[in-house]
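Read from first to last, the chains carry the letters A, B, C and D; within each, the first residue is number 1.
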Amino acid sequence: MISSQRALGRAILYLSIGCGVLGIPELTMRAALAADYKEAPSLAKEVAAGKLPPVAERLPTNPLVVKPVNSIGSYGGTWRQALVGASDGLLERTIGYTRLVRWDPQWTGVVPDVAESYSANSDGTVYTFKLRKGIKWSDGTPFTADDILFWYNDILMNKEITPAVPRWLRSGNDPVVVSKVDDETIQFSFKSPNGMLLYYLASNIGSDILAGSPAHYLKKFHKAYNPDVDQLVKAAGAPSWVALIQAKVGNWQSPDRWRDAARPVLDPWKLTVPYTGTTQVVAERNPYYFKVDPEGNQLPYIDRVTYDVMGDVQSVILKATNGGLDMQAQRLNSLETGMVLAAHREQGGYKLFKVQPAWSNGMLICLNQTVKNPVLRQVFQNKDFRIGLSLAINRDEINDILYAGQSRPYQAVPRPGTALYDEKLATQYTQFDVKAANAALDRTGFTKRDDQGYRIGPDGKRIAFSIDVQTARKDHIDALELIRKYWKAVGIDMQPKPIESSFAVARMLANDQEGLVWIGGGGYDFLGLLDPKWYFPYENQSAFGSAWGIYYQNPKDPNAEEPPAWAKKQQDLYTELLKTVSDEGKLALMRQILAITGEEFPVIGTDMDPDNYGVVKTNFHNVPDIMPDTAFYVTPGPTNPEQYFMK
Amino acid sequence: MRLTPIPDAGLGVPPVPRPAAEPQDLLFEVENLKVHFATDDGLVRAVDGVTFGIPRAKTVCIVGESGSGKSITGRSLMNLLPHTARIVDGHVLYHPEPGRTIDIGKLDPRGKPIRALRGKDVSFISQEPMAALSPVHTIGQQMVPVISRHLKLGRREATERAAAMLARVGIPKPAERLGSYPFEFSGGMRQRVCIALALSCRPKLVIADEPTTALDVTTQANIIDLLVELQEESGLSILFITHDLGVVAEVASDVVVMYLGKVVERGSVEEIFHDPRHPYTRALLRSVPRLGAGRDTRLAAIRGMVPSPFDRPKGCDFHPRCDFAIAGTCDVTAPPDVALGGSRSVRCVLPEAIRPPVQRAETPPSSTQRTLRHG
Amino acid sequence: MTDATATGGLSPPRRKLVELGQWGLIYRRFRKHKLAYWSGFIVLAIYAVALFAEFVAPYSSDRYNPRYIYSPPQMLKMFGRDQNGDLALLYVNGYKVELDPVALQRRFVIDESRVYPVGFFVKGEPYHLFGLIPAERHLIGPVDPDAPMYLWGTDRLGRDLLSRTIHGTRISMSIGLVGVTISLVLGILLGGISGYYGGWADQAVQRTIDFLKSIPTIPLWMGLAAAIPDRMDPLLVYFWITVILSLIGWTDLARVVRGRFLSLKTEDFVMAARLDGCSRQRVIWHHMVPSFTSHIVASVTLAIPAMILAETSLSFLGIGLKPPVVSWGVLLKDAQSLLALTQAPWLFLPGIPVVVAVLALNFLGDGIRDAADPYS
Amino acid sequence: MWRFIAHRVVYTALTLAAVSLVSFLIIQLPPGDFLTSLAGKMAEQGGDLDSASLAGLKARYGLDQPWYIQYWRWITGILLHGDFGQSFEWNKPVSELLWDRMGMTLLLSLVTLIVTWMLALPIGIYSAVRRYSLLDYVVTFLGFIGLAIPSFLLSLALMYILSRYAGMSVGGLFSPAYVNAPWSWAKLVDLAAHLWLPVLILSTSGTAALIRVMRANLIDELHKPYVQTARANGLGEMELLFKYPVRVALNPFVSTIGWVLPHLFSGAVIVSVVLSLPTAGPLLLSALLAQDMYLAGSFILILSALTVIGTLLSDLLLAWLDPRVRYQ
């Protein structure tokens, strides 16, 4: 009990320091600004015309003060960006990142957002959030605890709309209980300790809560509140009212909610032209946005945000090189594109800002130890086989060819500079040593070779297997070509199999793949905690042991298999981690898991993923020079796009 | 070898040469016409100096084996030559009325003046009735525009006239048949349609390029009767191109025998049939099957083949196949065209070929034609 | 008097014509169509290159050199002095590396000072000609095997673009041939039957055409590409797909053949042939088909280039041939990027053989069509 | 004639039924379904789809049913109340999605068709009449250049050059100012200023094939005696050329005109993808890649219906143009 007490104390201290950086000066500033808030000229005209209440009434009693990256900005301008295809996630990332609590820009912790403050009880079973008094939706309706309750009772817990409560809102099979303390305070209560709630709330997965909260708007589409909802259903041509309201609320995996311009939001901008795929998507300033800059100017600075819908990535790059994009990294964050962007800076009138991939590795290679072919299973489960293959890879040559020398040999483990970084894990078996590789492969007992020099497996036939690779990842295909030659030199026959990413996932679900190369997740601390699938068999996408991963998620799944002791230990450690409240506790457990990963060496890494670049026009300010780049961080959301400005 | 006199060609009555038609009532005069083709293998002198005249309301037959240039000569009268052919010399003089002359040879083949003549003053009947009409247009669609353009008639009058013409050439229910397509007619009927088309604008000359070759004998006879009737009725001249001497005998008033692009003999039908002078003409006449000539006699064929236009024999073109060729002269110098008075001429050096014509008793021309046909 | 035997009497040029026979005549007429004549040579040359790809290409298709990534094409020059002073009849310049730290690029520039002699029939990478005869001579290549000779520059892996294009010729020019022939035979046969017989046969064929024609190729292609067992060699996968698609590819030609047959049926020469007691097959093949060989030849010569272009489009959609197979489509797919357009325009060079092949094939087709046409 | 048409309509219905079944099966061919492709997309961007919400979505989309029930529900939906089903990816009715893009697709395809035929027919006729002339070679050469250059390269290169040097907006059919603006004359002008690029690319590849076929057919007809007869009746060269041989040479065109209809509907997929045009082509491609069953299925169904109608249409046209066929 005591250790958890001390852990809790440190956690609170830690968290308060986290917000302290912003909090303390914030307290002093708010008192001075109470009276004279300022607003955008376009809104001032509407206030004068009587169409809008004055700014002080639109803002909550204490609006959140956002510290700009460089300087106080000025109002105006249109932020031009570009989407590709029908389900691009850019809207959610740029104008949709409003949460109860959000990541801080440096991704070191969680800070208040719509919630003015939050606290957790000692054993991490009850989380209390205090909402900002007087905060309003983009249509002026007040946002209170009742809205969150509506989401909880009528969206999450409604079996038709949400057939299964997502894992992060459950402890075991018991869903969370959300209760209202008073108009501004709500509580999340879990049966068993839940250490990860705040991280999930801040990441891309947490968007569903506020999306399901505009009660006044969603009640129209809810059978319980609007008996003749069927007219609306027929008008929208939806199959049922459930499908209609699901489309309105949407979920974090698809941009459905951005296809409805009438949806009230708490975001800096609100949609005026929805995302239908044929026309440009447009969002304009939300007059009721609850944030101000230190001088009391209501944010956001930029009036309007537009997204051109493109058919092909090359058009997005072309738009960027012609100066048609004001600030964007999405779709431009690849090495090859980086070269093109760098060469057109003057012509495009933009600078480059760094987006650091949160991947633990540029390309990691998994040999499926739960592969259905028994012969390959026996070969893959032999650790020396994996070590031999790793030593046979010439990582420097791959670095030269694929990353123009900008990267370095690295295994699939947390990046340097993070709390979980471990020198030994990162560099083990990364040296290029064909002799040692052959020695390791000989230790596996498969020393005999056939006429073409390939090693003979336990069944008397040549050891041969295929590795799935996404057709979209040209760099992975090239790297695999090189690796095929390296492994041929040590007697192993590997055949790259380029296939569509959706088919690759389908094969993993059924544990059909023999090998797979993928981008390595979990490079940053929090990402390591949220997305551990490459460190231990966490789910089907842990391609080095899909069957064991499926077992962890659902032991009764037909494709599930009981994992070996070391993997079982890692799974138990992670289950315990989910219950630990304090970050220190979680990180300590994660280190134990990583130690086993290092020992068992289930996944072969190649090189670290080099940094990529986004474009930002010279007249576009307050954009940090470097930011993490991953869906969990919802890049560039946490860097407060509302304080970007154009002059 | 001596020239054995030809038996009296089985005609019974000796022909009587008629006075040659005076020059002024000639409809067409072809003087020293030369037409050359540029082909892959070199220049072909298809028509190499042809001279003859076509009197009004008369039928002139050009006869000769294939490759003798008779079709090209015929088509030169309308200046309607394939695009690789050129009229290099000579004249094609057309006298619409006595005193007015148009040199068709000099007109631009694609120009408006010649096109005004084609179909109106001079019209053409082709050899293949099958393909002479467009498969996807009705008869009316092909006749009416020609009539309305040439005779400046409205659609209705032109259609009536077309129907009348069809009736005239013996096509039943003409108004209705104007709407039907060429493939709905038999070969003979289709040729009748072509004749109707050719005569629809009352032309002064009809060039019939072997119109009956593709037809069976009975249809051939009907077509020929039709042509003769139409000629007597409208007084038009016919230039009949054929290789069938039987047809010549029936139809022609004057005959032009051509060989390898040159006219080897010319004259009235009686003169040619009764007093053939040029060995080639005599050989042609001998190769015509005789009625009652008995089954066992073999047909006399002219030995050898028509020489290639690129490899003309020296001297007289016919000498390699001529039974009476005189070594040293015929195979050395080309024989001149010897005029024998009027429209009679022969291109030979043999004495018996160029002796003056013997006066014969005058017999009405039509009787000879009829005896030939029914004899 | 010359004797008058059957041919003896003929003058020499006339006899020559008679003896040539139909194909001889067609060839003589074909020579007249200058462009088609030269296109014929070009097509032969292309197929020769396809046959001797290993020999003609300086390097093998997957030989990579990390030191020369995205290096520009070199000019083949004459009469240079190499390092140790002796004269080099043919040579290429080496490369200098300029590192542009900001643009993350190692830009290669031609270094006039360096001279690498180039020779014909030089010793290079060993290979098996036609998979049988071990050999190592290459038509053209650097005298010193390690010297960089990249006449068409290199791609992102430092592989010689010229060699890859030459190896790609083999696949692009041959992969669809089987498919095209199947489509051709089926098209004429079924089109003929449907046009000639009419009645229920015509209905049956027409309805099958409607049915097959309406199956869109892209989804079928995607379905087949994914459904074929995983470890089969990508080249075989592509081959089988072309064969399967050719089973539904004959519909266009069948429609046209049917249209022509319907029109020709009324022609008298067909009636005559039937009256002569020819079997239906004989009528179709010996009488009707030759009368529109021109259209068939035209559509065949359009089918082969269409097959080459289809391969490039499918590669663009990511469902055609995929690396490690090398074909013109795969190479052009790599060029489909702004990086190529702005930084490495030589990546578009493989487009040249595509254009040349398509043009040559089409003009050749025209030449044959004109020559084979009895009327002109 | 009417018996002929009634006969064909029955066949059309049968064919459509067969095709709808086949098209539904083709989409099932690749392993997995819409959800796995969604998971694939998510995985590409680093997120993942936990199995619980996966099961929920599966039920919502009805993907847990055996395929024949899905098929039955879809077909009856279409036949009984014209509901083509819901697109999973867009969460909108398929009909609405298709209708949005129909205007632009038809416009692009029709203009391309007209331009292609306006280019191909005269060139084809000229190169037939003036065979082996210099212009014949030049014109044919240009026609083929268009066909020979892969369209996706041509599109990217032209878009690059135009946007870089002529300041044309990248992709789409409108410059940003007009894309959401209501229809006005200025918007039409802006549309025209963008439309010519895809039309040029599409028509260049289209003309080459037409030129070749037209040339081959016309040459066959030019030597037929009926042309001579027309000339002998004083018709001018141009007049007789167009009245007779060209008319007959159009026969093969007609027998394939029917299939232009589906092309009008799907439009050029590749060029639209590269130039980001709001046409139906890219929608079909993305639906197929995402295995968005009802959207892709309906698309293929409509395509095949148009093909069958097209064939009927071209049979009728063939009869009208060539009487020999009509009098079978």
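Everything that follows uses one rule, which is that a contact is a pair of C-beta atoms (placed from the backbone, for glycine too) under 8 Å apart; a residue touches a chain by one contact, two chains touch by 3 or more.
Here is each chain with its UniProt name: A = Peptide/nickel transport system substrate-binding protein; B = Peptide/nickel transport system ATP-binding protein; C, D = Peptide/nickel transport system permease protein.
Owing to the predicted nature of the structure, the values given are computational and were not obtained by experimental measurement.
K.L.:
Using the contact definition given at the top, which chains are in touch with both chain A and chain D?
P.N.:
C
K.L.:
Going by C-alpha centres, which chain is most central here?
P.N.:
It is chain D that sits nearest the middle.
K.L.:
Pick the pair with more C-beta contacts: B-D or C-D?
P.N.:
If we tally the C-beta pairs in contact for B-D and C-D, the bigger total goes to C-D.
K.L.:
Report back the single chain whose CA centre is most distant from the CA centre of chain A.
P.N.:
B
K.L.:
For chain B and chain D, what's the span in angstrom between their mean Cα positions?
P.N.:
Once rounded, the distance between the two centres reads 58 Å.
K.L.:
If you average the CA atoms of chain A and of chain B, how many Å lie between those two points?
P.N.:
96
K.L.:
For chain C versus chain D, what separation do you get between their C-alpha means, in angstrom?
P.N.:
Here the centre of chain D sits 26 Å away from the centre of chain C.
K.L.:
Provide the C-alpha centroid distance between chain A and chain C, rounded to the nearest whole angstrom.
P.N.:
Distance between chain centres: 48 Å.
K.L.:
Identify all positions of chain D at which a residue touches two or more other chains, and write them in rising order.
P.N.:
Only 30-31, 156, 160, 224, 289, 322, 324 qualify.
K.L.:
Of all residues in chain A, which are in touch with two or more distinct other chains?
P.N.:
Only 314, 318, 321, 472, 500, 503 qualify.
K.L.:
In chain C, what residues contact two or more other chains?
P.N.:
32, 226, 263, 266, 336, 338, 342
K.L.:
What are all the touching pairs of chains?
P.N.:
Contacting pairs: A-C, A-D, B-C, B-D, C-D.
K.L.:
Considering only the defined contacts, which chain A positions touch chain C in the complex?
P.N.:
314, 317-318, 321, 335-340, 342-344, 397, 400-401, 404-406, 466, 471-472, 474, 477-478, 481-482, 495-500, 503
K.L.:
Applying the document's contact rule, which stretches of chain A touch chain D when the two form their complex?
P.N.:
So the residues of chain A touching chain D come out as 80, 85-87, 89, 162-167, 204-205, 237-239, 242-243, 246-247, 251-254, 256, 259, 273, 276-280, 282, 306, 308-312, 314-315, 318-319, 321-322, 324, 347, 358-359, 470, 472, 500-507, 509-510, 518-519, 521, 531, 533, 539-541, 553-554, 557, 630-632.
K.L.:
Help me check something: in the complex, which residues belonging to chain C touch chain D?
P.N.:
32-35, 198, 203, 206-207, 209-211, 213-216, 218-220, 222-224, 226-227, 252, 255-256, 258-260, 262-263, 265-266, 292, 294-295, 297-299, 301-302, 305-306, 309, 312-313, 316-317, 332, 335-336, 338, 341-342, 348, 351, 354-355, 357-359, 362-363, 365-366, 369-370, 373, 375-376
K.L.:
In the complex formed with chain A, which residues of chain D make contact?
P.N.:
Listed in rising order, the residues are 30-32, 36-53, 55-56, 59-60, 83, 86, 89-93, 95-97, 100-101, 104, 156, 159-160, 163-164, 169-172, 176, 179-180, 272-278, 282-283, 286, 289-291.
K.L.:
What residues of chain D sit close enough to touch chain B in their complex?
P.N.:
Residues in contact with chain B: 224-226, 228-237, 243-244, 247-248, 321-324, 327.
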